[in-house]
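Common to both upcoming complexes is chain A, partnered first by chain B, then by chain C.
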Partner chain A sequence: MLTFLTRRIAAGIATLVVAIFLMYLLVDLAIDPLADLVDSTAPNKAELIQARINLLHLDQSVFVRFFTWAGHFITGDFGTAWKTGQEVGPLVGHAIGSTLQLVTAATVLSLVLGVAVGVVSALRQYSTFDYVIIFVSFLLYSLPSFWIAILLKQWGAIGFNDFLADPVIAWPTIALFAVVSGLVWMIAVGGSRTRRIQTFAIAAVATFSAVAFVQLTDWWSTPHFGPVLIGVTGLALAFAVSGLSAGFGNRKALYTAVTTVLVGLVLYYPMQALFDNVDESNLLIAGLAVVAIGIGYLLGYLFRGPDWRVSSRVGAIVAFLVASMIYIDQILQVWPAYFRALKGRPIPTFGDSTPNLGGNYWVQTLDSLTHLLLPTLTLILVAFAAYTRYSRSSMLEVMSQDYIRTARAKGLNERTVVMRHGFRNTLIPLATIVPIDIITLIGGAVITEAVFARPGMGALFVTSLQHAEIDPVMAYLVITAALAIIANIVADLVYAAVDPRIRLNP
Partner chain B sequence: MATVAAAALVLSGCSSDAKKDDNAGISTDTAVNIAWNQPFYSFNGNSITGNATANNVILYLLQSHFNYYDADLNLINDTSFGTMEKVSDDPLQVKYTYADTATWSDGTPAGPADLLLEWAGQSGKFNNVEPEYDEETGDVTNQAALDAGVYFDGATPSVALITDTPVIEGNSITLTYSKPFADWQVSIDNNLPAHIVAKRALGIDDPTEAAAALVDAIDNNKVDDLSKIAKVWSNDFNYVEMPTDPDLYVSSGAYVLSEYKKDQFLTLKANPEYKGDNKATIPTVTVRYNGDPMSQVQALSNGEVDLINPQSTSDVLTAVKALDGIKVETGTEGTYEHIDLQFANGGPFDPATYGGDADKAHKVREAFLKTVPRQEIIDKLIKPLDPEATIRNSFTIVPGAPDYASVSEVSGQAAYDVVDIEGAKALLAEAGVASPTVRVLFDPDNTRRVNQFDLMVASAKEAGINVVAYEVQDGWGSDLSSATSYYDAALFGWQSTSTAVTESDANYRTGATNNFYGYSNAEVDALFDQLQVETVPAKQVEILGQVEKHLVDDAFGLTIFQFPGVTASRESALTGVVPLTIAPGIFYGFWDWSAGSAAASK
Partner chain C sequence: MSTSPVENLEPERLENAIELKDVEGLSQGQIVRRRFFRHKGAMAGLGALVFVILMAFTSVGVGPVEGWWTSGNPSHSGGPADIINVGGTPTMSMPTWLGGDGFAIGDHPFGQDEIGRDIFTRVMQGTQTSLAVMAIIGLISGLVGVLIGSLAGYFRGWIDTWLMRTTDLFITVPTIVIGAVIGKIAGGVSPWVFAFGMGLVLWTSLARLVRGEFLALREREFVDAARVAGASSPRIIFKHILPNAVGVIVVSTTLLMSSAILLETALSFLQFGIQPPAVSLGKIISEYQSAFSTRPWLFWWPGLFIIIIALSINFIGDGLRDAFDPRQKRIPSRRRMDKARVVARPTVAGATPSGTTAQGSSEA
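Up next is the complex of A and B:
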């Protein structure tokens, strides 16, 4: 293990050094720091050019400049973005913060969605649902992100805001939407002819009712959860989570889940009072989330059941979901004021905050979220496609293994076979892909950030390159290259940890 | 999910909880939002670092100046800030008098000390140390000397002509030029608050005492104090987010900086201390940063910004024209396209190629210029972006400036308006040069230049001239000066930032910075010598006309078009925007803006 790590880290550092050297040469070739002075007619042009040559040592060879830069970099002096005179260190710090904000939600959501859809698709191999998912994922995979971004802005922001001005959907449109939704659920759930017709009917009616509810209660202008919706949604989630995670046979787990929802509901009004009387911060909210998860866990422990860990897990997941709904409900309570302040156009197309907005913690959070919405969706659509493909093929491979047949042969029910023996093993290959993907996202949301004018790492890279500032460009490249190498090492370690067949030492 | 929602419908007869109907602390101010591509980074727009459009457009709203350009590019004196008058021609002396209404936003009156500081900063007179670098490592070797010495990050050649320390009398300051200078009116202007610079550098809190100490340091060349002053002047005002010290954004103009979020937006509020004439009509102006032209159009469409001035392309123009309630204006911007010929590279336009036969080379040059399809370039490439585009016929004056018509008439460049293939053939026949090859330098990554080049190739071919693209050596920008033997004609743009008449000196004088072509005409040089010291505007125009006549007669090159620009604004939010061809572009005349119909109806 230690030998492996040492060897990999040494190799990683060597790769990094060579890569950085080559990158420096390439960046130096690509940029021209004197470009903006070429077509200047300033009377002191010659002096300006000379001053810049002195400033950037352009009269020295690129090798000398590289080693000077590298020497400074190692000693912690990351250089200066010379055009604006800013230190690179704080620039990068600021950019990483913004990027993390963007990629965290996008990665988690696309992973959950992608894996779920991929797994279902694999279980329904060669069904209509499978083909539709294959088609959609290839379509999304092949769309360039700037194109998705522009379309999302046009429809998701401009179009949706126009719609909010008079939020009425024609009834035939709702009916059509309900039929489409019914069809999707029908092919996803599958089963016998009767089962299909049942699924279709339930899903179509449910969708129709949901949209009608939204329309009739004027939900678009005043979106909210409230205790009733939280209760209903919470109970549905309680059943879904305990069903998938523990099986309906495990009554104690189900009781845990339902009790957790009820506790959440009981706490709803006290929480309103609490939020009205304290100064909220992200730290406090995170603390409350931990407390909520703890309560769910504790409830599971108290209910016990065949395996108390299963009940606790179910309790924790449900508690987290219910707490999230209470949090979102709290954010949505400021929606009407926010909506008015933005003159009825709440979904923005660029930036990371509305200028001069003011407002309390909830307004600020809502404002961040509306600004995160479209860029996050862009990233999700692209990454979702990839995760669907990975998890589908991985699930297919696992389900054809002998141990699955063995599991079925010894009489385990289908849920246990799929969730415990199939799904868990499906995640092994994903464990190697996800760390690398996160790294790529940190460095690679270049296009999305540029199109949405978010000041993250990608934007830093692009603008520095345009300004011919080599120091921030190199800082960016060092960070992404180093992270990529680290991610690869981490992926190997994770692989060894989750798959007992892999040994790191020969 | 669908099931859940359906159940919810059944269960929720009541409309859940009571919503908070207060505004949760949201600010109710309305602002006009303007999209701009590059973030502001320096409050000192006259230092070498800070002199950029990104800063100067913002400073235009923040600072008062002795004069500014009006929509017709006439220089207007802002008498509510101060007056400037020429008190003597030889030596050239200019007296600046601050008006009683000239005030900084902290309440301190603006005064002669401010202009004295500006002179110290830009003249380079006090700079006694330059960074020295280690040959091997590139490190600064004289850091200690730099720290102790004086180095103002500013260099303006015209201010350097003021060698004697300006003399302060009461509320006036008199600048004496060591030799007459044509553009004295735009040579120097009020910039940073002297009392703040002195406060930060010398630690004197009282504004009057601080300013007095600064004047004393400059008058008596106190190196220790000047060293600190120079550092404050050069560095302290460079920032990319709201500085913690409010002194760093004390302004003299109609607006004050009120919020600056890094890379996102910058908010300006009307300055309550402003007593001048050009008052803010919009109480809050927010400049939001977004570098992508199409993204700016979508933001305008979504109501996030009210005024955009993106880089003009036909896609942007089509998109912006399709929007409702948006006023779209096309016009011209500061940069102009031109083609210059190489006189001294052994190519077809160099007399040396023909054994020193200058007349022969001249005929070949003239023949080539006759084939340049200027009108076709404008019709095909520029008119779609600006229907009113015309050929630019002056080497020195921006179209729309007061003297453009007279100068372009004298120069006779209009003779090249129409392509004259027969004339070109005749000239080539006279010269006895059959099918010369002309290598044209241009930026191969710039689509519009590539298209222009293609049009030139087709037109020249008819006259038997073979136009080819030059071989890129290091990049077109550096090849201009360093690879002159590889190209015979250069096609690119010059930016004009002011209407200063001496600006063209560097382009056409023998051996000047921007004369990469070996062009040398003793009479042109003599005319520029005269122009430099000519302070009477009418005479300046006459000299420029003669210079241009020489350039046309020598077949030096041609000017083609002014870059097209597009401005789009939401009429319900903002009216009265009149973009200026040169900086500050769309920000010009903010005192005539009005808040539009939506605000009026509230």
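Up next is the complex of A and C:
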């Protein structure tokens, strides 16, 4: 283990040094810091050029410049972006923060959605649902991301803002939406003819009443959850989570889940008082989330039973979901004020925050969420396709293994076979690509950030390369390359951790 | 899925019988070709791609040769011209049964931009460039990838170590980043140089796959047999191992080309790829993105062509993968199953066929 790590890290550092050296040469070849001066008509053109050459030491050979730069870099001096005179260190720091905001939500959401859809699609191989999903994932996979981004920016944002100004959906549209949702659920769940008709009816009626509720209560102007909605959604989630994770046969898990939701409801009003009287920060919210998960876990433990760990797991998941709903409810409470402050155009198309907005923690959070909405959607659409295809093929592979047949043969019910024997093994190959994906994305969703003008890592790279500033470009390259190497080592370790058949030391 | 193994045996055996009968007396190449030509998605993709290629190259012509669209009509040259419709809206209209004013192509079917350039001409020129760049990237990175992968996999030892270290070097930097740098150097020169440069960057995943394939194949008996018979290394590589690895190579090169066109358009969009006077689909979108709210057709058409090309290549790649995959089985229709059942076991003829669950097929 230790030898493996040492060897990999040493090899990684060697690769990094060589890669950075080559990239320095390439970037130096690619940029021309004198481009703007060569075409200038200033009378003192020659002196300006000479001054620029002195500033950037262009008279020295590129090798000398590389070693000067590398020496400074190792001692912690990342250089300056010479056009604006900004230090690269703080520049990169801010960029990473902005990128992390964008990437986290997008990765988590696309992973959850992609894996869920991929697994269902694999379970219903050769069904209509399967074919629809294959086609949709192919289509999303073939969409140029800059095209989706512009479309969302120029069309989605403006359309949604117009809609929010007068949030009324025509009733035929709602009915059509309900029918489509019913059809999707019908082909996803499948089964016999009666089962299909039942699913269709339930899904269509549920969608219709949900949208009608939103419409009739004027939800769009004052979006909120409130204790009633949290209670209803929480109970639905409690049943879904315990049904999937423990099976309905496990009553203790179900009781834990329901109790957790009730505890969350009881805590709703005290939490409102708490949020009104405390100075919030992300740290505090994270702490509260941990407390919530702890409560759920504890409730599972209190129900005892032979396998209380299962109940605890269910309790923790449900507690986290209910706590998230309370949190989102709190954010949405400032929506009307935010809506007025932005003069009724709340969905922005560029940047990562509204300048000079002011307001408390909740307003700031809502503001960054609205800025995240469209870029996150763009990233999800692209990543969703990849994860769906990957988890589908992985699940197909797993479900044709002998141990699945054995599990069926010994009489396990279908839920246990799929969730415990199939699903878990499906995640093994995913465990190796997800760390690489996440860490690569920290290098910035270059295109998305460029289109939405989010000041993240990718945008830093693009603008610096366009401005012919080598220092920020190189700082960016060192960070992404180092992260890529770390990601590969992490992926190997994760693979070995989840699959005991893999041994790191040959 | 939930059929018990006992019920499953019968249809699976029948499917095997049908499959075997289907491929009786055919060579491996013939089987692959047959499977490919029967793949509906791949055939649709191939049709769409051929249509786009023909349209792009015949309409505006290649080099000095005039195409049917540009010849004899100066307003189709791609340069400034009089604007026909107000604002340059497309002259193409839908048939009446689709809610249009009757089907017509008109003089500028895809519309015109603010100085009257014909968008159809520009999109076709852009499609030509993008297709050519894509083909060159596929060719170059395919050649380099196969060369490096096969050398590393066949000779192993220090050659393998060094070649794979080189591959690691390329992998540490994200493709779009290294592509942007290469594009900044080569994009301004000409699309061909740009494509060549990108080809020299994108071979890494193919090289790894080919190396893996070679590592597995070189231990097989037929390679030992060839070596014992005195075959030289080049002969073993080209005559014995490479033909067996051709599936992996073809499939991943195809899929590489679909990501290549997306990469090229994205780089051109970010101003790091194709530079004027050359036109590419990404470049057109980048030029016109600010005009989206006033002239949306400037944005729709180039995007649509990127999607058609990328989608059809993805489908072709999928069809190729299914065709080369020896575990791939087609699910026979119910009628053929019944027929085979009668032949195989006349006594159970007429038994209701249980759900056709063909397992063992995979789609990565």
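Criterion: the second predicted complex is superposed on the first by the 504 of 506 C-alpha atoms of A that agree within 3 Å, B and C clash if a C-alpha of one lies under 4 Å from a C-alpha of the other, contacts with A are read in each partner's own complex, and residues count from 1 in each chain.
Rule of thumb we're sticking to: a contact is a pair of C-beta atoms (placed from the backbone, for glycine too) under 8 Å apart; a residue touches a chain by one contact, two chains touch by 3 or more.
Not measured: the values here are computed from a predicted model.
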After superposition on the shared chain, which partner residues are touched by A:23: those of chain B (first), chain C (second), both, or neither? second
Going by the touch definition up top, name the partner, chain B or chain C, that contacts more of chain A. B
Have a look at where A:141 lands relative to chain B and chain C in the superposition and call it first, second, both or neither. second
Using the superposition on chain A described above, determine whether A:481 touches chain B (first), chain C (second), both, or neither. second
For A:391, is the partner it touches chain B (first), chain C (second), both, or none of the two (neither)? neither
Pick one for A:60: touches chain B only (first), chain C only (second), both, or neither. first
Just chain B (first), just chain C (second), both, or neither: which does A:232 touch? first
Would you check which partner chain A:101 touches, where first means chain B only, second means chain C only, and both and neither mean what they say? neither
Applying the document's definition of touch, where does A:426 land relative to chain B and chain C: first, second, both, or neither? neither
Partner chain in contact with A:150 - chain B first, chain C second, else both or neither: both
Using the superposition on chain A as set up above, list the residues of chain A that contact both chain B and chain C. 150, 154, 158, 450
Touching residues (chain side chain A, partner chain C) in the complex: 15-16, 18-19, 22-23, 26-27, 29-31, 123-126, 134, 138-139, 141-147, 150-151, 154-155, 158, 389, 392-393, 396-397, 399-400, 405, 408-409, 414, 440, 443, 446-447, 450, 461-462, 465-466, 476-477, 480-481, 484-485
For a test of understanding, state which residues of chain C touch chain A in their complex under the given definition. 1-2, 4-5, 165, 168-169, 171-174, 176-178, 180-182, 184-185, 258, 262, 265-266, 269-272, 282, 285, 289, 292-293, 299, 303, 306-307, 310-311, 314-315, 318, 331, 356, 358-364
Residue ranges of chain B touching chain A (in the complex, touch as defined): 1-12, 14-17, 19-29, 31, 33, 41-42, 48-49, 130-131, 133, 136-139, 155-158, 235, 238, 240, 259, 261-265, 267, 284, 286, 288-292, 294-295, 298-299, 301-304, 335, 475, 477-478, 480, 492-497, 502-507, 513-514
Quick check: in the complex, which residue numbers of chain A touch chain B? 32, 34-35, 38-48, 51, 54, 57, 60, 64-65, 67-68, 71, 83-86, 94, 150, 153-154, 157-158, 161, 181, 185, 202-203, 205-207, 209-210, 212-213, 217, 222, 224-229, 231-233, 236-237, 272, 333-334, 336-338, 340-341, 343, 345, 347-353, 355-360, 362-363, 450-453, 455, 459, 463
